[in-house]
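One chain, chain A, appears in both complexes that follow, with chain B as partner in the first and chain C in the second.
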Partner chain A sequence: MTNFIQHITFIVLILATFMAGSEQAFAQENPIQIPGGSFHSILPEVEGEPIEVEDFYMDELAVTNADFLEFLEQNEEWRRSNIPAIYADSGYLKHWKDDLDPGENVKPYQPVTRISWFAANAYCRWAGGRLPTLNEWEYSAQLMDFDSAEEMNEFANELMGWYSAVDVQNTKTVGSTDIENRHGIKDQFGLIMEWVEDFKPPISNEISLDCGTVGRMQKLGNTYSYAASVRYITRMSFNPKMTTGMVGFRCAYDAGKTKQQAEKSL
Partner chain B sequence: MRTFIKTITLLTFLVFSATHYLAHAQTTEYTIDGMTFGMPEAEVYTEDYDGPAVVGETITMLPNLAPLDYEGNKHHDIRMDILAQEIEVADGVRYRAWTFGGTVPGPVIHVKEGDRITFTMQNRSDEIVDISEPGAETSPYLKQISENPFMNPEGSIMPMPHSMDFHAGTVAKDDKWRTIAPGQTIKFDWVANYPGTYIYHCGTPSVLMHTAMGQHGVVVVSPKDGYPTDDQVDREYVVVQSEYYLTKGPGELYQYDFEAAQARNPSHVVFNGHQTVLHDQPLKANAGERVRLHFSNNGPSGTSSFHVIGGIFDRVWLEGHPFNEMRGMQTVLVGASGSATIDMIVPEEGKYILIDHEFADAEKGATGTLKAGPKK
Partner chain C sequence: MKLFQTLSTGLLILLVAQSAIAQHMNHNAMKAQPVQSEHSVYHMDASWTDHRGESFQLADLQGNPVVVVMFYGNCTQVCPILIRDARRVFEAVDESLRSEVNILAVTFDPENDTPEVLRNYAIKQDLNIPQWHFTTAKPADIRELAMLLGVQYAQKSDGHFSHSNLVTVLDERAELLTGWRD
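Presenting the complex of A and B:
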């Protein structure tokens, strides 16, 4: 029953988030256009493969501590000392020195972490966008060019190694992983894990994190899809208040909205 | 329009969720053949806790077994938090392990058939927890670790979702064994219905990865009426076999080798979590003594042909159940997650090598020493 109440609270909060928020200019100056297309989800219950994704825009880089500080300066309700307990657990920005002072150990161009899904969502609304959907994020992540299956396998093996040894005490700066998709979206791998809009898909209850989940996700039968299954499974365990040193985010923007704003600026 | 569609979708989801949860009303407790089933629903919550990571009276560090000094059954309160710890598993090989309680394998929990356990576990993988220098009021288990920090554990941060699967417990996995996120705590009851030696491990997918990363340990459930030779046993130890799949990472540390794990090609096969611990700190006995070994193969994937060079097993209780008695065995075949409780009479003063007689695994480290003194 406790779960049920938590579930209802979560849904109400999501609805509230969708209905709130004011829009501003892009936080990142040049979000990158990802042309629509299709990709193979590894979720076993998704029917009618492949999944279609429409054109959208996404930040080149994860949101940094400097970006987030700017957001906090303008939105005091999301500062550490103000944020209501329903929007974040007690770890929210706990590695920062103060509300508006990341401190010397937190570098401006490191990705911001220890922020809840609610805070990430609010940031993207403020930045004129939204969190990428799970399908958009994974579609973009699959737009990687490899010269051979061996090269892809090698990359995926390194990725699995990274998942087993995420070093949140020495997070690199954004743009430094040398990993980018064919459109120039950087660091989707090897830096942090990222919030997406629908991080816990409705079918996650059916998948229910069983031991058999991994096997059912191996449709593509390769290490690349194994690494993807680790992402899906990890996301499914999150709740929207959670804050950890491993999870940050980047924003996405609707294609239509972006064009409209582009015209305005001419 | 987009917001409207989303709202409708979410409301549909809400109704579905309500139906789903109400349909899963908890069963009530009941007994069959003297065993207790139908545990209360697990609680998942957040708490501000910075106390000892391992708490409980009958918990010990390998290879020791905490003695049970009570009559009848007992209700245990046990806490075992999930911690990331950098540890050494062979000479010069360190990696950041995912652990229960800070070591690999995790602590040995000793209970009696019919005991009830209230188990609490916080996922503290997102904070540094130092287990080798506990405070004055820490738990007996952590004192043992601080007095013998063989793996040189060092607190680390590696936030990942995790769970607990006690093979000794008979409960529904989607409630008690559910995955919890970093920062969350889960609390639930289980009853040790069956005697024997049982592994516990993390059940969060990929279970291969989580177990290989170090999340496993042992519960010894002593039979309520004992084994027939209990009054002749002089020493009692726990030996756990497991595999590591490690490869050199970009820095000094090693990390998980996914391909090796899939191919069942371990880099190290070890007893009690370290390639040489049972040689550096041999099990001790004297000639003529009856030594009992609770042997568990925690895998994740290998089998073990457990043998002691120079000894024959006087009694073997497969899985540790007193009804499964065998005698005069040279080797006990134990599959992944299987166990055996073994009595051996130490013949004379000298060295006896514990070994996985699958020699490829022995030469990756699955060996140890029983050092016997003269007959007393």
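Presenting the complex of A and C:
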């Protein structure tokens, strides 16, 4: 199954590259529309007022090493040897062999990691989009359907297991986790953590793994609430220059803009 | 008040250093030069638009001290204080050097704060003066500047923003040597 998904992903990527032609590349895959709605965040919110999210589009898959290589080929200022210190720490793409050579140990369809928030932001701008907001990413992440409560609990347990031991030495390829939301957004869990536009909201000081936060999360009655709290708290320890093997990204697009892109490609 | 004094003192120290450079530099503020430091905010290549409708890049401000404050026009609580603090810093600079300082007031709210809205804001605040730039840009660029400066903000359901309150003084090279570190 995994090989099959990799194979299909490979074909999609080749097709997307071909269709993009020599113009500025947009998303490497067709972005998927996420209809707007509301959800309860683990962040403090006005009682009875869940967070509203408008329609948006998001990449089906995380940005890969192959995608990022294309970005670097066209944007030399973001290459490892050129990037100024203000935009990334010294670990930026450290696992790549050279500026434009990921090397044999870095697979083209693994998600790109060891990139700073600034580089992720620049990539999405180049790709005609933007980083998803914290609320968009989290809203999408909880749009999952399960056949039973047992299945849901089992998944929640697996999720916590994954968060407690993210294996950055053996990152899977994109699309290979078999985890997707009801709209087909893949790998929001089980692959990497992902940059979002506003990863450190200004109320960060109120969030910690203390009893108050845990109690608030339990009240949400959300399968992922504990795992979500791990994500929020982990993100708050990030800084935008940081590069780690655990963090990659995907892009999002405003609904209006992506419709124009879609019309253009017809 | 103490904070204000600290800011003023910091700026004056910068200006003393700056005045030596200023003696042999072109005083035209809108002239981009190669970015001089790995740690400079002037690596940003985004296009910004001020309340006069003029477009510029941050690197155009290179060579002169810049005071940066992030705010939004509909903010009636903390933001007027932030603008007032920036104004105090500006007015604390000796009048003979004041023309060399730029104040960059960047909105969090580009959707509402168009250049026209910002122009009205500047006039209302009595700050429609050459050194002041009430400025907007694309949302991703505004976020990038905020990330560089360590300013956090998020829009709430009522349209207002929660945000950090920070006035940043940049020297002539706009180096950020504190804040995010390796």
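The rule is simple: the second predicted complex is superposed on the first by the 220 of 266 C-alpha atoms of A that agree within 3 Å, B and C clash if a C-alpha of one lies under 4 Å from a C-alpha of the other, contacts with A are read in each partner's own complex, and residues count from 1 in each chain.
What we mean here is this: a residue touches a chain if its C-beta (ideal position, glycine included) is under 8 Å from a C-beta of that chain, and two chains touch if they have at least 3 such contacts.
Every value quoted in this text rests on a predicted model; they were computed, and no experiment measured them.
When the two structures are aligned on the shared chain, A:I51 is found in touch with chain C, with no touch to chain B. Contact with neither chain B nor chain C is seen for A:S81 once the two complexes are overlaid on the shared chain.
When the shared chain is aligned, chain B comes close enough to touch A:I233, but chain C does not. By the touch criterion defined above, A:S90 lies against chain B and chain C together after alignment on the C-alpha atoms of chain A. Using the contact criterion defined above for the overlaid structures, shared-chain residue A:S164 touches chain B, although it does not reach chain C. Of the two partner chains, neither chain B nor chain C is touched by A:S148.
Comparing the two interfaces of chain A, the one with chain B and the one with chain C have residues 89-90, 202, 239 in common.
Of all the residues in chain A, the ones that touch chain C in their complex are 46, 49, 51-52, 84-87, 89-90, 117-118, 121, 124-125, 130-131, 134, 197-198, 200-204, 239-241. Against chain A, in their complex, chain B makes its touches with residues 3, 6-7, 10, 13-14, 16-18, 20-22, 43-44, 46, 48, 95-96, 126, 156-161, 163, 173-174, 178-184, 203-209, 213, 247, 249, 253, 255-259.
On chain C, the positions that touch chain A within their shared complex are 35, 38-41, 43, 139-140, 143-144, 147-148, 152-154, 157, 162-164, 176, 180-182.
The residues of chain A lying in touch with chain B in their complex are 1-4, 7-8, 11, 14-15, 18-19, 89-91, 157, 160-161, 163-169, 202, 205, 208-211, 213-214, 223, 226, 229-230, 233-234, 236-239, 242-247.
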